[in-house]
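Chain naming follows the written order as A, B, C, D and E, and within any one chain the residues start at number 1.
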């Protein structure tokens, strides 16, 4: 299995290398290299999953590691770590990535940098697979950064567009901020425990070598990395902009790779989070889920709607993890990967057809693009949490977890309530997108006429993905395999105490029931509202928009986060940078130059020492005693005798100095 | 001693006086040769002078076998210390003779007197280096002064040379007067003219420090004028600028070194008592080493600061040579073998690089007809060899490895550091000065290497092979001594042993 | 081959002699000669690499002869894990720079002679084990550098605000700064010399410049037994080295020197010369005065200066519009990481720092080479004056992006490893609490990403500036200089062990030495 | 109080000072040279006085003789130089010899 | 006050007055005359100090040689009949200050120093010529010879400088 894992890792890297160096000269510009490598990886991943499933053991684990960097005192290893989560994620990533590769063959077919595109896809997949497979913080940080790089390359793929270039840069730098925090967290962990390896770190924490506030800090810092990658508040701003990349890339980023990385990482390192850290995670998730949902309500660009929906869903996942719903969070991650890939590819198909991302240019596409429509609808229902689609199960689990948490800790009930609201909004804005895109009459006749169903290479992936959006596929086994690690604080200390007081089984059961009903209800409500507004037109969106102008504006402008950051962080940085540069030029250099100038001035003084000072002295003396008579008035300067006088004076002075 | 012994001593001493006798004989030969030779053949006198110097050089080398002794009834000393300086004088004089042969400045002037006086000046320097009696000290200084006055005025039809000569004369005479007065007081305090006896007497008696102090300061005026040390340096820039360049080169080396020889011998013999391990203690009452330290600091600082604003290379080098006197003085103030040794070493190094720099000035003067820094622009493209040589000399003057100048500075700093924290401040001053000095040396470098030449200038200037040979002859040791200087260091080390030997 | 260090050091001198014999019009022969000799040097370096025993802390390939017996100055050469890395780097970069200098047409003979002299100086510094010898080589580097910047750098010009700038200005600035530093070093060296006594039978007589003896604390006598003096000596050495690094606030010579210098000289300057400073600290300051280094004010001072370098350098870089100046400031920033890594006195940090020295050497060399490439084509380096070059020059863009990403510490590229371990080392310091300082310095990671990406965007992304629609892509010779660097950057990014194995034994030993340093210190408090 | 050493010394000091004054203040080069002679005479008085009162070996007198002789030599040279300057400048006013400065 | 003392004071006053005249006089010829008298006064002092030979030398060399030389200089350069013979002064006040400083210092030194006066020497008045001649041929032979070379060099140099042409 380790061999398989290594091959899975190396295949995309190999594809990348081939593509970047000789891709241009290969037949079909080598799209088959990358795609083939990805499919191969998928087939290699299958046996791993099968093995995991066949053992059907929550503690299933295969690891192997090699010495990598040996400092003598410290030995950093590189290792592969396969457990159930890895096995599942491998399948998810390789499958979705393969499908997106396939889809891209159609979508990108006439791009001038076709080979480069596939190269980037490969490196992206490589980074993500590496992130899943490595066995320690050091490794995960490396691939973490590489994911950032890949996203930079792909988001900025159409770099001639300034907006794309900007978005790429923004994505990278925003991520870097999170990464630095994560790095700081790793610093704490490593310097306290002296190891990077997950297992050893977890063991160390279990032994209490790292605990208390420092552990909480480490946890929150590491989570900050996930905040960046998984676009959590307040570092979510890059994700919507990342829509500037080609749509399949968006699908890849939003579904299987980049944003999933954060959630995956939190799941992977779940045991290091203390109860306080988890609470932070939960709240960040809540805020993100709600805020993104509200923004999504008013977006006009189909991809932006999807983008904010992603942010919102990621918030859900974090809520799940933060409230102790380890399984729920990761479950949602997996289901979301499929239906979000489906949605993005579907929207890509639409965009491919109408050459526009604005929903105002669409409408009525249902007839022209039936496959796209139906698959997209499935995706929508899944994300909205309509049973029996996959999203329902996972989201329900999250809500249950949040409710359970709220019931145990009533002060934190707000998490559940807000999350529930966000879930309702999901139904609303997703259906809105469907109605605006596929329903009603075409708003742009010309674009509508040109529109056509996408080629098979694009629709097949849609169909495959739609299959996975059906929830029953995931039933049961996943929950069994992804059991909350025993070492996690909820499993061990914090909540158990609470649970002991509150009667744990009861709470869980009640919570589950309430959550299920409320989630169905709220999803239904959202869908209903959406239908009322956009299909039956019973309620005027414009009117309500006008009525709620301030809120609408706030949502439309994404809570002014970009502006806020622009005005504070970026402007501040640039300001300091300018100041530093000026400081460098004026003050430090100026100081040095001033010293030089003073020296020179002084030297000028001395340069005249022979001519001027003595002369001047004589002249001064002459002026003072000028009125003593004509004879003395004739005093003028004469050279040698000036010198002699000076020497004589020096003798006198030296004598006086020495005497005292 | 009875008269016959004294006479016998004088007769015996003659064999130890061979180099000086050779020079004296050469003076006579040159005078006669100048009379006999026709004008167009007068250039032969230069070769005669050179030959005399070479023979004297051999004679001096032979004296190394003789050990240390006093000759002519304690009037002069023949010891490694004096011999070291004598070798320095002879080689520098030989170089200056060589420079003079090619110099355009001196072309068409009578050479007989010139070389005669050069030889006489060298003789005077010899005496300065070996004088151990106040009379011989005074006479040798006068000897050097009088011949220098004439040589500075040698281009008598040129106003600058004439003026330089006059200033030198008046200032020199004045300084001699001061020194003489100081000597008279010293004589009055001790009742003897022999510096060793003076040392013994001063050490034995608790002489009045005030009288001793004024005597020392007045004598310092006389020595300081030879060293061109601040505040007795005033004559130097003017004279250096006005005098013929080869003579300037010699002034900046020969009399200066002789001044150091005298200063070191006289002060350490007369005003200090030897403690242990080659360390001296200044006589009670007058802390002249502190006095000299102040002079050293002032000298290097003023020399360097004023050099910064100079536009004439010759004048700039004049100020730089003032500064270097300050550096070399650092070794003297330490009252230790180590310090003297460093100074001796430095003087040789300084002589090489300074004569070298002046040689380049002469070459450029001949090629371009100017001493202004502006006319050095783009020299590297027009005349690479002089430019490169100047680079080497200037780097050496700055004190950068791998040139001899660095080793010289290194020894001085080493001596200072070894001397203990008392003179660390001087080391700091010297550091700052080293950095300042780079600034003006670099101005010449910048002009030569970095600045674009004026377009009207000819593309390339032909340097005569004669100068090429001379330049190489100076560049090579300047670099070589920066890489391997052990023989010179050993020689200098050996030469310090002058006090214990007599 | 027991004189291999002499060979590698003085081989360029042979080259100089031959070059001086070539008529000055035969430029190709001169270039070929320079390439040959630096190439041979690379071969010797490879030989050294192969034969180097990384398992021992002792000096290898020793050569020891009396030089100036009266001062006990020796010609003493030898390398350990610390120096061997620098020797490899120097040999390699020198070779590459000869090719980067192929286009020099003015005073070719002088240029290559100077370059080879510089090469000798650098090698000598890294190989010497006699402090005096070290100092000589140290200073020898100044001269060629001065001329290379002054003559072959950009000509003098008057800025709009009336200031005179250009090669000559930068050269003298460089010269004055470094001279000041080295004179201080000279004083410190002499204090060490006179207070280290190798013969206990004759106290105060037998002194030495032998670094191994100077490092032996048991031989320290005289004023060196006074901790305050040790601090002063340390400080003097520190300033000397800090100017070379260059550490804030001694750094202002660097941007000028870089901007005005020709490409190859910038490469050497950033690639090797800056390392002299940190090398000097590791070779001289730390082992000779370990207790002073251990003194917390100095350790904290070093770390804080490192952080200031990192962040301040990054901020300054961000404000630049001149690409070369930006890279120069990025060097300041990156050297700060070296300092930070060293200051914690941990095995990890020390190794990380030296790795960072090497990796910054290769990375920044690549950057400067690439800057040179674009400057040769566009004749300016104004970042805002380009745009969309990626379309026109894809290979160049790829190379530049590799260099930029290496600069911003992307995993998989060499400087990532060294930066991470520098930070880890500093953060994990057991002797000093550098945690807050390290955390602050990590801001530099973001800033670095910021200015590199911003620059990348402004130059390469977006619409192609129509002015440059005919700009040729990077050519074969230029690629030849860049590809090896790229390979090293990637290889060491993935597998740093070959580099690390060379140095770790020596560096870990150094850490132990400092840890074990006799705390004369305690007497002070 | 009978005349003793100190009287001679004071006389010498006064003469010395007068000589200095002449050297420093007189514009005429020849007068300056005269001032220098005064200085030398003052020193000679010292020597002779010390030879009389402190050292009976006549060393001081010998010294004075040498001073006189060298003074003659330098006076000759100095005058030649002054005459030469006169030929260049048509003046022996020291103020006018100021082209070398700085 | 003995006769000796009176003579001393007379000579001293004469010497100083003449010297002062030399310094103060604006006419260079007057200065020369003042210097002449001053030299004579010094010669007288030498006599008082029992330096008979030296007094003679003083008169012969100084008065007969140096002063005449100086006067020649005056004549040659001042064109005695037509041109102003006056000589100006400069930097008088600072000069007076500095010189006064020197004088004060010297005076203090003379007064405060305890000179090692040899007591029995006070009365001796022995002719010195023979002793000096002897010393010059024995102890001070080499300075004597050196001075002769010095004179030769000065002669050559002075002749060279003074003669016309280059």
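Methods note: a contact is a pair of C-beta atoms (placed from the backbone, for glycine too) under 8 Å apart; a residue touches a chain by one contact, two chains touch by 3 or more.
Everything quoted here is computed from the prediction, not taken from an experiment.
Counting hops only between chains that touch, chain A reaches chain D in a minimum of 1. Where touching is counted per the definition, the chains common to chain C and chain E are A, B. Across every pairing of chains, the maximum count of C-beta contacts belongs to D-E. Taking the mean of all protein C-alpha atoms as the reference point, the chain centroid lying nearest to it belongs to C.
Farthest from chain E, judged by the mean position of CA atoms in each chain, is A. A separation of 42 Å divides the Cα centre of chain B from that of chain C. Mean C-alpha positions place chain A and chain E at a centre distance of 101 Å. The mean-CA centres of chain B and chain D are about 26 angstrom from one another, to the nearest whole unit. Chain geometry summary: the mean Cα position of chain A and that of chain C are 36 Å apart. In chain D, the residues touching two or more other chains are 9, 16, 19-20, 23-27, 32-33, 49, 54-55, 62, 66, 70, 73-74, 77, 81-82, 84, 93-95, 97-98, 100-102. Contact with two or more other chains is made by residues 88-92, 95, 98-99, 102, 105-106, 115-116, 118, 140, 143, 147, 150, 154, 157-158, 161 of chain E. Each of residues 135, 139, 142, 146, 149-150, 153, 156-157, 165-167, 170, 174, 178, 185, 188, 191, 210, 214, 237-238, 310, 439 in chain B touches at least two other chains.
Under the contact rule stated at the top, the pairs of chains that touch are A-B, A-C, A-D, A-E, B-C, B-D, B-E, D-E. If you check the complex, the residues on chain B that touch chain A are 166-167, 170-171, 174-175, 178, 210, 213-214, 217-218, 220-221, 225, 231-232, 234-235, 237-238, 286-287, 290-291, 294, 302, 305-306, 308-310, 436, 439. Chain contact summary for the complex, chain B toward chain D: residues 134-135, 138-139, 142, 145-146, 149-150, 153, 156-157, 159-160, 162-167, 169-170, 173-174, 176-178, 180-181, 183-185, 187-188, 191-193, 237-239, 241-242, 310, 315. Interface of chain C with chain A (complex): residues 248-249, 251-252, 255, 312, 315-320, 347-348, 351, 388, 390-391, 398, 405, 410-412, 416-417, 420-421, 423-424, 427-428, 435, 438-439, 442-443, 445-447, 449-451, 453-454, 456-457, 460-464, 495-497, 500-501, 504-505, 508. Partner chain B is touched in their complex by these residues of chain D: 9, 12, 16, 19, 23, 29, 32-33, 36, 39-40, 42-43, 46-47, 49-50, 54-55, 59-60, 62-63, 66-67, 70, 73-74, 77-78, 81-82, 84-85, 87-89, 94, 97-102. Of all residues in chain D, only 2-11, 13-22, 24-28, 30-31, 33-35, 37-38, 41, 44-45, 48-49, 51-56, 58, 61-62, 64-66, 68-77, 79-84, 86, 92-93, 95 touch chain E in the complex they form.
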